[in-house]
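Below is one structure, written out as structure tokens; comments come after it.
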Amino acid sequence: MLVFNQLETYLYLALILFAIGLYGVLARRNLIAVLISVELILNAAMINFMAFNRFVAPHPAVGQVIALFIMAVAAAEAAIGLSIIIAVYRKLKAINVEQATELRG
Amino acid sequence: MTMLLFGPELYFLLVALVLFFFSLRRTPKVKADHTVATVLALVGFLVAVACIGQKGELFFKAYRVDLFSQIFKAALALGLFLVFMISRNLAGIEERLHAEFYLFLTTCTLGMMMLVSSVELLTIYVSLELSSYSLYILVPMRRGDDIDVEAGIKYLFIGAVSSGFMLFGLSYIFGATHSTYLTDIIPKMPELLASPIGLVGVLLSLAGFFFKLSVFPFHFWAPDVYQGGANQVVTFIATASKAAAVALVLRIAALGAGAGYDFAQALVILSIISMTLGNLVAIIQKDFKRMLAYSSIAHAGYVLIGILAFNEAGYSSAVYYALAYLIMNFTVFMVLNEVARDGRDLKIAELAGLYHRSPLLSMSLILGIFALAGVPPSIGFTGKLLLFTSAMNQGYFLLVLIGAVNGTISLYYYLRVIYAAYFIKGEGLPPIQLSWPTKMLNYALCATILFFGVAPDSIIELARAAVRTVL
Amino acid sequence: MGFNIGSVDPLFLACFAIVALPALAFGTIMIFTWRRDNLSLGISLTCSTIPLILAWWLFFTVKGATLAEPIILQVNWMVSDAVVVPFGFHLDPVSLLMLVIVATISWLIQIYSIGYMEGDPGFARYYADLSLFGMAMLSLVSASGMVQLFISWELVGLASYLLIGFWYEKFSASEAGKKAFVVTRFGDIGFYMGLVFLLYFMKDISLFGLGIADINNIGLTQKLTEAQITLCALLIFCGVAGKSAQFPIHVWLPDAMEGPTPVSALLHSATMVAAGVYLMTRLFPFFAASATAMAVVLAISTITLILSSTIGMVARDIKQVWAYSTISQLGFMAMGLAAAGLAHGTLFAGYYHLTTHAAFKALLFLCAGVFIHHFGTNDFFVMSKDGGRKLMIPMVTVTIAALALAGIFPFSGFFSKELVLAQLWHLDNKLWVGLGLFGAFLTAYYTFRVIFVLLFPRPDDHPAWQTYYVREEVAGHGHGAHGHEEEEAHGSHGHGGHGDHHGVPWVMAFPLIVLAGFTLVLGFMQTRIEKFLLGESHPHELNYLLLVLAVGCALGGIGMAWLDWGRARANWSGFLSKFPMLENFFIQKWYMDHFWRWFLNTVIYGTFSRIFTYNDRRVVDGGVDAVALGTIGSGRLLSFIQTAFLQLNLLFMVLVLAGVGIYLLMGR
Amino acid sequence: MTEHLASFPYLSCMLLSPVVGLFILLFLKEHQRLAIRMVSLVAAGISFGLSIYTFVSYDKALGGLQFVEKYQWVKAFGITYFVGVEGMNAPLLLLTGIVIFTGVLTMWELQERVKEYFIFQLALVTGVFGVFMSYDMFFFFLFYEIAVVPMYILILIWGSTRKIYAAMKLTLYLMAGSGLIIPGILLLYSSSGLFTFNMLQLHAVQFSPWVQKLTFVLMYLGFGVLAGVWPFHTWSPVGHVAAPTAVSMLHAGVLMKLGSFAILRVAMYLCPQGFQYWAQFMGLLAATGIVYGVFVGLAQTDLKYVIGYSSVSHMGIVGLGLATGTVDGLNGAVFQMFAHGVMTALFFSAVGYIYDRTHTRDIHELGGFSKIMPVASAFFITAALCGAGVPGMASFWAELLVLIAAVKVFPIRGLFAIASLVIGALFALRVVQNTFFNEPNPKFTHFEDVSPFLGLPRMILIGFLIFFGLFPQVMVSMIKSSIVPFIQGM
């Protein structure tokens, strides 16, 4: 049980999550998938905050508050992202990244 | 009573509400919206100027109101007002969306105003996102072909990823320093940077700020967004949001103040690459806005030079340059908007015959371009020289040398603009009629560019006073 | 140079007036009166008469000015740190005499030109140029410092440029003008370098601004080493050679005959070309200080003498003949001076020859001018056919002058030549005197070739004309044709002379008579002049052998000329036709012109200019353009970073960030 | 250096009268040709008059800086508005006055975009005056760039042959130069530790040798581009050819002097050791330029190209004079700046007159002009003779001084320089002969000669050339009065 009671575990967890998110962002061609991967990155950050708050931070609430804020912001981001993706779909009839390759140089 | 410190923000919140109600109307009243929005923005500018002297702290010290922040707030309000002024014919955006255009610009301004005052990580994050999201929405609003959504999507994702990085970084900083207040963090900087985790944290969190400033390698959005976005929106991004970004980076760069040689070197390299890359690529651009995008990347590099000095002179010159950049860049964009009445993308060649179509505009263009190119007697020249001076005082000889050479390179594409405007004959193009406010605006801008270029003392003193509060 | 007139002594004022008045005339005519012929003429004449009077006045009144202690009046013209340039006058017998000569002859020429140039479109400009020349020459003669002398020297060159190219519509004229200016400039640069070297060698130049006296002192007091003096002397001699048309840069003088004949008489025989020799006289002690230099000068002048007299033997343009004889006589003077320098003699011989030569050579040219003006041709064969000898005054005077030139007693040339030959005789190496005598022989020959042809015209069916027309092809590209062009150039009046064969206007006749008078008198003035120049005259013992030899050569030359050209059965072929190759060589003027033409076209234009131009276009400028193109290209290259593909951009961003991170982590 | 404050702001008036004229022009209408010309003429005239006044009433005996005006400008960065006159820059101010005044007269016949033309020209002149009179490096550089940049538009709109290429090349080249100058200036500024741009105060500082060497070479190259130092000269012939007459006058006449003056005023004055270190190099480039210019000019067929390359050669003489670092050399250099300025202005105005009529500058096409327009050709010939170094003209004295000084310091290069004078003569006479002598080209015989009014500016120029040719002492003593302390300070 000790494993769950130390900071490093959570940091590694967050790091892994971050890595997964990053991989998703770079690898997935589907815009929604990319959006989700971004959310993963945010979640990784959230875990960090919680972990630090739990183990090292003097003030108990800070991390949680931040986490809540991040959730809200992430939700807003998701909303905006989806709306834009829909717009993309309307115009390009696809939600693939390859579709959006007009602007270059 | 303390809420008065929050005056400008409150005011713009109010404006946002009003505009929100406008946006609910079934049948859009374009002219009315524009007039009201402009007037409100003007008033907002006045309010911000009125509050310039305020000092104080709000929200448990998470929010600091000082000269620095107030100056930038005034600048931002000014930027908003100017953008509204040139939004008279918003051909780039459908009528029914005009109200929302004003609304989101206002919210964006609000966000940035909060940004320049916030001294606490979470506050910074939230206000940053507030400003960014409004822009994310504004970019794809453009009417017409598909590039706008493409630009929007790229903007969104690059922005989202870098803000994700920033957040992740901030989490490490929080972990390493156990605090979210810059005031607590800054003293701990040295040992923070000594620890790998802190270093990674700072680095990652810089991503978010550099993204705003479009410093290499976070510049990828700029060209596409500039080209894809509606002209007025891009104008706002290119002026107000850049100023805010500079303010933000100034606040944060204080973090780097304690940093060691390597950290500064890293920044030096980034700044050199930014300006060189921006200038070189701008040379081959055909689209006017895209060219300006690359020039903005280069200018981000210049501003970084000032920030690198990590001292009062450097910061004050950076502030001076940010304000100057707002003015001169806006001048150019205003001309662009006037020439591209129908809201299309303007090729540089399409400036042809501008001299015959409207001498006044061509004069403004020439001044704006020369200011961007750093040719005297203009704010651009003075600002650049001050930046170089402060950097040289810190012994960055090579940096200054490269910066100066870059100035020459940049002149090439700036001169191409003037060449198009003054020399190519525009066959049969009608003269451009200007409304009297626009004329006034032209004169005002030219006067500003020249006057503060020759007599910069007042601005500089102001900037020094401001940065003293930051350091 | 602020000084108030009151404080200056009258002598200075007089000299200043001599120099300033012609300058004044030049300025006035050029700026104001260049459209008004007679007014300009008046101004110019006034401004040359007053200097004439003043010059004579000085000549008789100035006492106590000797070669050793000249009178030097000068003010500072320009004072920089180490370079000090005085403006002033160096009065000693040499300069006083030369002042008189120059003033007189140029005055006579101005008179003569009234008739000669009458009705020419550029009349006023002509007189302006003459005044400019007068000013320059007078200040050259009386200059107190080398820099001032050099300036006047250049101005003289300028004036001759303007006057030679006076009929500038004529290509050959403007070409000749250019040639004269550039070739003399070529020598002048040597002169310039010589001066600069002098300054360079004596470190304490701040002491003096290259005064004439100072330089001569260098010669006497061994301030510099022998080698240094030699170098400077030779460089300065380049200038002398340029002005006095010494080998190998004599080529400009024959072409200079493109100018109006009075000009040829004034500049290119009597005064300007003599300036070179004058300079040698001026700096005689300095030159004499270096035996080596003197030897070189002697050699060069001898070559010049022979070369030009041989060419003179085959030329058929009367002005050409006199031009080459001028060159040869200049060579002769230089020989005299050089020999004197080597044998520690005095400058008298050469200078005396200069004086006499000035008179009779001007006379020769003015007579030629009368003929040309009258018959509208330069070819003296044609002249004789048209009845040249019917013009009494010129015919008589030209004969007198010719006798003088040939060195026949009692004409002035005889005495001066004797002296020069005597100087040469004193040398250990008798080769020089031999060559001198040979030169005398040739001189007599070609001079009397002209005279006899003029005196004894042939009927048109005479066999002589065959050889004449045969020669036409060979000498075709000589200067046979110029006379006609000159006619066309100042068209209207020339042919007016035809019909009546006695009409020589008095303005043209008067100078002839005056000069003829000088030619006769000057010879007997020898001792007076020597006394005036050197302070004392040592009656040098008559060297009978030399005397006989000299007269013999002269008479031999005349006799030869009689056989070839004079006697009734002479077929005008000349003894040279026995050696066709040699003759052709002379007709081609020893190929000197060809050489210089080749040098200019191939070396200057063809090589240096081409190479430099190519380098400028391709290498230097090309390099600049290459940099610009490179910049643009790199921009195009870098623009590929901005791919249209979102995730590639993100990847790039992440990688850079990672890179920076690693750099920082490693850095610690 | 002693400073004597001005009783009346002469220099500021000299500087501001073009600016004021410029602003008046802004509010005139394009079609009010006469008014526009008069305004610019008056503006130029005032500056001209003041420049003469300062030249005449400068007290040589007193020496030092006179007519000084000094105002605190930017406290934070130690920038002061600091202008003054000494023997070194008085001639150049005079030169600028002459050239701008005659330049306005020369462009009197301009028909196209008159208003703008004079606006830009006045702007340019302001810059030139500013550079010559400022003693604060910030303003020095500010004015320097003001003087350089309007060229782009002036050439682009009113220029002729290959103007697009030429304008871009010229501007970029010169700006690249200033790209080197900025670091140089700032290096001095920062390493002085005084936080002042005031040259006199910086002069008092003993900079470390490497700073001096580095700064000097940066500034020498940077300013050298404008001074047409070989091998950075290629912009100048192209630019002169493309530029309209008065601009060529200003540019070859005055702007190139900015470069050499700046080398003297800033680089040599502030980094004497750096100068000592690079002097040989300077001398080498200068001598090469002298020889090179004449040879290349010999092969040109376009009148303006010929003049352009002669400028390269003559500016080489200036450079050589500077490189000697002796009083004579510097006197000669400054004198040559003045003489060459007037001479080239005369050249270009004469050529411009002919070109405006015939629309060709090819010396083979032209010919016999001294018959068609004697006065115009007289002007050109005078300039050509002056260029060939004929005595009696100002430039002869300058060359004399420089060459004598040069031979003393570097004999071989000096000799090459002297030898090139022959080619110089050949080169001038070749042009004169082809253009003005021989048979007139029938195409051009109908053109009328220079009218007295248009002749006036040329006469003024010739007048100055000959005046200083006859009375060099006036100029030399003036220059000397500041060169001597300058050398002692080095």
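To keep things simple, chains are lettered A, B, C and D as they appear, and every chain counts its residues starting from 1.
Please note the rule applied: a contact is a pair of C-beta atoms (placed from the backbone, for glycine too) under 8 Å apart; a residue touches a chain by one contact, two chains touch by 3 or more.
Small disclaimer: the values here were computed from a predicted structure and weren't measured.
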item: Of C-D and B-C, pair with higher C-beta contact tally; value: C-D
item: Identity of the most central chain, Cα criterion; value: D
item: Mean-CA-position distance for chain D and chain A (Å); value: 65
item: Distance from chain C to chain B - Cα centre to Cα centre, in angstrom; value: 78
item: Chain C-chain D separation of Cα centroids, rounded to whole Å; value: 37
item: For chain A paired with chain B, centre-to-centre distance based on mean C-alpha positions, whole Å; value: 27
item: Multi-chain contact sites of chain D, meaning residues that touch two or more partners; value: 172
item: Sites on chain C at which at least two other chains make contact; value: 628, 639, 642, 646, 650
item: In chain A, residues with contacts to at least two other chains; value: 25, 34, 100-103, 105
item: All touching chain pairs, where touch follows the definition stated at the start; value: A-B, A-C, B-C, B-D, C-D
item: Touch list for chain B against partner chain A, complex; value: 122, 125-126, 129, 133, 136-137, 140, 146-147, 149-154, 156-157, 160-161, 164-165, 167-168, 170-172, 174-175, 178, 180, 223-224, 227-228, 284-285
item: Footprint of chain B on chain A - complex, ascending; value: 11, 14, 18, 21, 25, 31, 34-35, 38, 41-42, 44-45, 48-49, 51-52, 56-58, 62-63, 65-66, 69-70, 73, 76-77, 80-81, 83-85, 87-88, 91-92, 100-103, 105
item: Chain A contact footprint on chain C (complex, rising order); value: 639-640, 642-647, 650-651, 654
item: Residues of chain D defined as touching chain C within the complex; value: 169, 172-173, 231, 233-235, 292, 295-296, 298-300, 326-328, 331-332, 368, 370-371, 378, 385, 390-392, 396-397, 400-401, 403-405, 407-408, 411, 414-415, 418-419, 421-423, 425-426, 429-430, 433, 436-440, 471-473, 476-477, 480, 484
item: Interfacial residue positions of chain C with respect to chain B in the complex; value: 628, 631-632, 634-636, 638-639, 641-642, 646, 649-650, 652-653, 656-657, 660-661, 663-665, 667-668
